[in-house]
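Each structure below appears as structure tokens.
Shared between the two complexes below is subunit A, which pairs with subunit B and subunit C, respectively.
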Partner chain A sequence: MVKNKAQMKIQQMAFMLIAVMIFFALVGLLILSVGFSGLKEKATALQEKNAILLVSKLANSPEFSCPEKTNCIDLDKIMALKNNINNYKTNKDKNFWGVSNIEIIKIYPGGKFIECNSESYPNCNTLKLISEKTTGITAENFVSLCRKEYDSENYLTYDKCELGKILVKYEKIQ
Partner chain B sequence: MKKISNKNAQMNISFGWLFAIIVGAVILFLAILLATKVIKIGQSEEQAVGAKEFGILLNPLETGFESASSTPLQLRVETKIYNKCSPSGNFGKQGIQTSELSFNKWSALGVESSFENKYLFSKYPTQGKKFYIFSKPFEFPFKVSDLIYLTSENEKYCFDNAPEDIADELSQINQANLAADCLNADAETIKICFNKNCDIRVYYNEGYVQKGPDTLSFEGDSLMYAAIFSDKDIYECQVERLLKRTKQLAEIYKEKDLLLSPRNCKTDLGADLDLLISNLENAQDYKVISSVSELIEEIKNKNKYADCELW
Partner chain C sequence: MIKNKKSKGQEEMVGFALIIILVSVILLVFLAFSLNKPKTEATGSYEVNSFLQSTLQYTTNCQTSKRFNTIQDLVFECDLKEKCFDEKDTCKVLNETLTDILKESWPTGEEWPNKRYELIINTGEEIILNIQEGNLTNNCKGSSQIFSKSKKEFSINFEVCE
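== the complex of A and B ==
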């Protein structure tokens, strides 16, 4: 009878200890999941911050900038860059600027959507420089879009500038 | 019979206690292990976020046409910033790692945050609570990038007998740890001299900096500052990366030149850009910057007087 009682106690304690261990394991998992969900939010916030700061200064970087103008994109240079864009892809889904999309859109004078390529340029209004992902969150900035034009009547070359937008897309971490 | 039963009960109680103590110890051990792991993960998360944030904050230093600009950076705790540089790939890589001082101990290095479009010049590591970030464009002959110089408030520099434009620039930047002259310099201040030997000697016209046994070649003021503020290995690696970007930009300008020629916009730069590209491709090390300096000057002048400027 005494032996049975003691065995019962040991069984009770073993069950209790298993329950305590499961409880701690669950609490641990909860802490980790809360921690990691915060990490994803932090990573997305950092991506957002990067995209906003990048888009505000991208037009001044040497691959985009116009001669002697600030906040201006040289479309002729961008067309040359578009032809060399593979050199700017550092691996499968990473590129020199660390964002998933870079797009330049002419907003004034407006017109129907024509994507820029070697055939349509300069009579086009959307230039997709990097388009790795179609979804994501966009940061944008207004810029001047300038290119060289030849005036055949007066035999002179001049800078033709229009109003545009540069869009940088970054991926939301799921 | 009664005696035996009592003995059994004693055995049972002591086994129960033993069992509880062992399992309790295991639970406590696992809990402490988990807690330390969680703290370590949290610490390395903080460091990774800090390193990434630091890199992102360097974005606004793309200066456009400003000559140079300086920004202070105040951190929460004493931090070591490790500037990592790798020259492999089309552009090489800039890495940043940090370690923080907590309870008088330096934490293990955090996760490396890397960027392809940044060029940071500093000591390895640079340590402090307040840092100064100063940037200046590097042109070779077109703008290649803005170079970023990172110094801590603990590193003080003074420039003795610097050429007038450099002394003016330093006064204009107004960075607390940089002095345009060495008149009030204390013993800890690193003296940079232009016409006599001291901690760092700059041979300005000859284009090299002498730092102890190391000789670092430079072209232009932005690389001169880079050679002064950074360690030899970092300097050489970053200049190699800059030359890689120069080559890519030269390819783009060559293509732009072809694109513009039908629009009555001739520059006569194609052959020179080709020569620059092949020189950079065949370069053994960063010292090619000195050997192509004449070609760079020629390209610069041709672009300046061309019908249409390429940059």
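== the complex of A and C ==
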């Protein structure tokens, strides 16, 4: 009788332990699912932050910058870079900057859309340096767009700077 | 004997209920923390700051002393009441160019995200230029730049409201 009672107690405790374990496992699963649910948003926010950081420092990087000026893009240099952009590909899908798009747009003086290439330059207003994907996270910043211009009246070369924007696009995490 | 067994069973039930309550409270606290995480900050004023820097470097059509003036040069020339080679007033060219730049760069109005902008250029004593458009809101971001020539200090302040 006493043995039976003890066995019953052990069985009861075993069931209780199993129930408690299942309960904790379920709670753990719930916590994990809540934790991982924001992971994609976190990655997207991080990419957005990266895009903003890149766009704010890109104009001052050696490949883009003008001599003795800050926040300025040398358009003559960028046209040369555009013609040699394949040298900046690190592998099949990636480029040196790790972005899917880099575009430079002239804002002022404005005009109708003319894409910059060796024929239209400098009378153009949109320069697509890298254009791999059309959708993604975009960050933009104002920049000064400078190029060398010849003043035929005074027979001198000067820096002509206009106002533009640089747009950087990251591919969105699916 | 039966009464004793009953009370023991009740005790165990209370214990189990306590465990559930404790875990539920922990879970609720965790949920509250995960839902109330601070959101990432808005873009800030880096765009406004870059706009000011770039605008000051813009080359205008006003020529004085055999070179084309930038907006920054025009501020100095305007302060000295100089004229361009084509006899246009430097202050007028400065005003017109900046008004056009602002209209193209920061379109304002109900249908645009920006509701107002204001640009002020001044020396210590007087305001050289003040361009503003739109109505004031609570969400504004601004930037200012200081530059000097011949020991005279100039400042340009720009503010955009969303």
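Methods note: the second predicted complex is superposed on the first by the 137 of 174 C-alpha atoms of A that agree within 3 Å, B and C clash if a C-alpha of one lies under 4 Å from a C-alpha of the other, contacts with A are read in each partner's own complex, and residues count from 1 in each chain.
FYI, contacts are C-beta pairs under 8 Å (C-beta built on N, C-alpha and C of every residue); 3 or more make two chains touch, one makes a residue touch a chain.
Quick caveat, the model's predicted, so the values are computed rather than measured.
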Partner chain(s) touched by A:S56 [first = subunit B, second = subunit C, both, neither]: both
Which of subunit B and subunit C A:K128 touches, first, second, both or neither: neither
Contacts of A:F24 with subunit B and subunit C, given as first, second, both or neither: both
Subunit A residues touched by each partner, larger count belonging to subunit B or subunit C: B
Touched partner set for A:Y88, first subunit B, second subunit C, both or neither: first
Overlap of subunit C and subunit B interfaces on subunit A (superposed complexes): 20, 24, 31, 35, 49, 56, 70-71
Subunit A-facing residues of subunit C, complex: 12, 16, 19-20, 23, 27, 30-31, 34, 37, 40, 43, 46-47, 50-51, 53-55, 57-59, 66-68, 70, 100-101, 104-105
Complex interface listing, subunit A residues touching subunit B: 2-3, 6, 9-10, 13-14, 17, 20-21, 24, 28, 31-32, 35, 39, 42, 46, 49-50, 53-54, 56-58, 60-63, 65, 67-68, 70-71, 74, 76-77, 79-81, 83-84, 87-88, 90, 95-98, 148-150, 155, 157
Of subunit A, residues touching subunit C in the complex: 16, 19-20, 23-24, 27, 30-31, 34-35, 38, 45, 48-49, 52, 56, 59, 69-72, 107-110, 140-144, 146, 151, 154, 156, 158-164
Parts of subunit B lying in touch with subunit A, wherever the complex brings them together: 5, 8-9, 12-13, 15-16, 19-20, 23-24, 27, 30-31, 34, 38, 41-42, 45, 49, 52-53, 56-57, 59-60, 62-65, 89-91, 115-117, 142-145, 245, 248-249, 251-253, 255-256, 259-260, 263-265, 307-311
